[in-house]
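Just passing along the structure, written as structure tokens.
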Amino acid sequence: MSTDTETRLLARPLNWLETRSEATFAYILLAPAFALLALIAFYPLVDTFRFSLLADQTAAADPFGGFAGLDNYAALLSGEALLPQQFLDPSFATPLLQQALFVTLAFAVISVLFETALGFGQALILDQDFYGRRWVRVAIIIPYAIPIVIQAMIFYLMFNPTIGFGTEFMQWLGVFGENPLANTTDSFIIVLVGDIWKTSAFMALLILAGLQSVDRQLFDVAKVSGASPWQRFKYITLPLVAPALLVAMLFRTMDAMRIYGLIDATAGCQTVPSMSCLVITALQETRRWATGSAVAFLTAVVIGLVVVVYLFGLRDQGAGMT
Amino acid sequence: MASVTLDNITKRYEDTVAVNDMNLEIRDGEFLTLVGPSGCGKSTTMETVAGLTIPTEGSVHIGDREVTDLPPKDRGISMVFQNIALFPHMDVYDNISFGLRLRKYDQTEIEERVERAADVVQLEGMMDRMPEEMSGGQRQRVAIARAIVREPEVFLMDEPLANLDAELRVHMRTQLQRLHRELDTTIVYVTHDQAQAMTMSDRVAVIDGGALQQVAPPLTCYNEPDNLFVAGFIGSPAMNFMEGAATDDGFESRYVDVPFDPAENGIEPDQSLTVGVRPEDVYLERDQELAAEPSRTYDAIVDVLEPMGDEMFVYLLLDEDVEASAEGRGAGQLLVSLDPDTVIGEGEEIEVVFDRSNIHVFDSDTGEAITHRLR
Amino acid sequence: MSDVDADAGAEHPDVAAQAAATVDEPELDRGIVEGWAARMISNPERAYRAAFYVATVFFLVTTLFPFYWLFMVAITPRGSLRDVGVFTPGGVNLAAFIEIFQRIPFHRYMFNSFLIATVATVTVLIVASLAGYVFGRLRFRGRNLLLLGVLVTSFFPPAAFFIPLNRLFNANVDVLRPILSAGSLYNTPFAIFIPLSAIYLPLSIFILMTFYSQIPDGLEDAARVEGTTRIGALFRVIVPLSAPGVATAGVLTFITVYNEYFFSSLMTNGRPGNWAPMLEGILRYQGQFEVLFNLMAAASIVAVLPVAILVVVAQEKIVSGLTAGGLKE
């Protein structure tokens, strides 16, 4: 009896929905998704920008002071922000790897280049038919699926001077100093290696999708006309997967520019200050929330600019991207 | 059982009009076919009856109920789809009983009804098959069982035979007619195939450009088409058309002239006319006694012969300088259907006559029919 | 398939070379390496196959070795941690796998992570199903603009949302007082799963949109004529028929939420009773006086097992999901 009234109560709005026009129906069904996105993304983004225009108030209960215009941005972009690390220091008085913008961009460019090259290699292997391919594929994907904190733990332990062999090895190569996880350059390299280890697999998967959509007959045609495997790769595989490759690189770059967890759990945000790191440092170390908001908004802007650059690249490629 | 009434139905999409001000009454128990070329709006019309499309303007009644704003499930209809649309994740029993289960019928009633429906379409013993394990014809029968099991007031069938092979299509055609006789329910049937429309329906509604062209029994559409579109669409092969104008003593065109008294036929001098003659209403001069009212003779040259077994299609050129078009239906060309035993050769010069009692005259400007029988 | 062709093609010169070797005396003088090199040069396909195997082994070693080494650290007794080699442990003692649960309630951290990931997955699947249905199957004004809005959210870094959210979740909301003792969302699972649901929603929308759009219109129409509402048709017909896509979106969401670091580390104070997720647990072994490296390693291995199992079971789905979501743009 009670379930019957329940279903009827549920049925009434559903019936009402039934007779709405297609557009109204669409908007109503999208409401939950957009409510969630508005609460977690759109509104905070706007608020972040609003906060970034206020002054810092490190001693008061409310961390935000009065309206300060673009002062926070001016300080951040001139290297005069009152933070342990700088966002950008045009005078280069701050070492490059203590400037969040450079750390992040350098990290993104280098890691994406390595990941693309290695991912391509992995994808070419996974594209072959061979005995045990399923297990090789699992092995190659696994790093992608492991939690960031565990990825960080592996490299933290590996380069820990007491127990890890990594430091000794790198010192033997003459690259690292005494305690690499406290040294900015050494830590930067460790974070890079850790990221490349984990995310090459992601690139591999996206590129693999591109490879598998290539018409196999094209290879047979090329083979018959006497192309060597290298020529087949250069003249058929590469041009045909180029769009997929660019999309994959776009996704990876966006992701690389958000780097936080791997740094936080290995070297720490002070040693390798990425842009996201700097936001948290500003909040937790200096209680400069307004400056932190400005860093956060700049992070979004920088990522937005990079996306735009990629989209132009994709348009030039012009290959079937809508 | 119920009638279906469409009042001033218009369906507009962003920049196209799919159905334009349609008024149509489908009678209780009738088998009515909506027929027309693809994109003519016949499917949209049916969807407004089903409730799958909400018309921009106008109203739909099923029986005495206005259903314009009711969702499909509350309209008392069932439908058979072109792509059969069996739920691939359910077996035959679950497919057929889906609607009954949604309506919370009790178990024994569902079982009885499913059994009866399966019996009608001869699906006994296949209840636990999955759709993918069945042939096209079997799937179609399941779809029909799913439609009849709910004993709806109106059946809608949207090109249900289009995806079947030719032999099966003919077989299912008779099955559907038998079904209609047994169930005695209103059936609205959509097809682009005029042969299906002709053979199965009580009445045919010919649609073009989102508008009704003619609603009449199949033979009426065939013998007395209301306009040029219907005349050209119904009948296979299609009617021969000749464009010209009225003179004081008849019709004149480049290759053919037909003498008649304009006043008696309701035609004004100088009116532009199109004269239509069906291939089977053209006779060889030597057989002219077969025609009810033979016309004057016309000279022609045999271009191509197409013996079909039960009849023979003969493509004629009405003059030596006529260039044969690829379809064989251009100006100066004439398609004739003759007895297959007729002795005739390609290139032969012959004389033909028309049956004046079956000459259709249309106003070229409006396309409307003026007369179907010359006086 | 193509391998067979390659091998068949490779056979001929090879057989010819062997035949030549038995006849021609000088061939026998060649060393093994020289002979191998000669064969490689005469038959490039074979060289490529060799390179293929070398590369495969290289990738397998580089991806799997860190796990192996982590295990070596985990089974080394604390006193011998200095003796951990590249391939060998400093000793063998599996007690660490028990000790991780005794030192801190690591199981509680794991439970918290599981709960958060499960709730986020269910939320995402429901919300993304509705949105995926709309984007995949309905035509309406503003569709492309709204889709772009979804896409754009996935561009922004979580850091750009963090500060307002942090304030929001720390704010005391009186309405919440009866449900949450503190009256704020900080230190509750909500503070983690709500942001993460939103952030990983777009990927699922893209995956489900692709799958839902492939279900023939006729099936939805048939369900509606048979007696369901449009929503009913979605959950009775479209979703079941898109089961692989739904599974893919679910597995990916679960893994990414379970793996997430940013919000997971910032939205609680790290106490297990305050719903801190697994990552806080692992970092907890970094005590005040000593760092329990072997326990960190052991806890990491325990925490990685669920996702590792998921990957083994659902690798096919992860691959198809990432590619569907990634290439749809």
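Going by the order they are written in, the chains are A, B and C; count residues from 1 in each one.
Following the convention adopted for this analysis, a contact is a pair of C-beta atoms (placed from the backbone, for glycine too) under 8 Å apart; a residue touches a chain by one contact, two chains touch by 3 or more.
Here the structure is a predicted model, which is why all the values come from computation and not from measurement.
When every chain is represented by the mean of its C-alpha atoms, the one lying closest to the mean of all protein C-alpha atoms is C.
For the interfaces B-C and A-B, the C-beta contact count is higher for B-C.
Centre-to-centre spacing of chain A and chain C amounts to 14 Å, using the average Cα coordinate of each chain.
The mean-CA centres of chain B and chain C are about 57 angstrom from one another, to the nearest whole unit.
Note: centroid distance chain A to chain B, computed from Cα atoms, is 60 Å. Multi-chain contact residues, meaning those touching two or more other chains, occur in chain C at positions 229-230, 232. Within chain B, contacts with two or more other chains are made by residues 71, 73.
For chain A, residues that reach two or more other chains under the stated contact definition are 15, 18. On the chain C side of its complex with chain A, the touching residues are 1-3, 5, 44-45, 48, 52, 55-56, 59-60, 62-64, 66-67, 69-70, 73, 81-82, 84-86, 126-128, 130-131, 133-134, 138-143, 146, 149-150, 153-166, 168, 194-195, 197-199, 201, 205, 229-232, 255, 258-262, 265-266, 278-279, 282-283, 293, 296-297, 300, 303-304, 307-308, 310-312, 315, 318-319, 322-323, 326-327, 329. Considering their complex, residues 54, 69-71, 73-74 of chain B touch chain A.
Of all residues in chain A, only 15, 18-19, 21 touch chain B in the complex they form. Within the complex, the chain A residues that touch chain C are 14-15, 17-18, 22-23, 25-27, 29-30, 32-34, 36-37, 39-45, 47-48, 51, 118, 121-122, 125, 128-130, 134, 136-143, 145-150, 153-155, 157-158, 160, 162-165, 197, 201-202, 205-206, 208-210, 216, 219-220, 223, 228-229, 244, 247-248, 251, 254, 257-258, 260-262, 264-265, 275-276, 279-280, 283, 289, 292-293, 295-297, 299-300, 303-304, 307, 321-322. Chain B meets chain C in the complex at residues 50-52, 71-73, 77-79, 81-89, 98-99, 102-103, 146, 150, 156.
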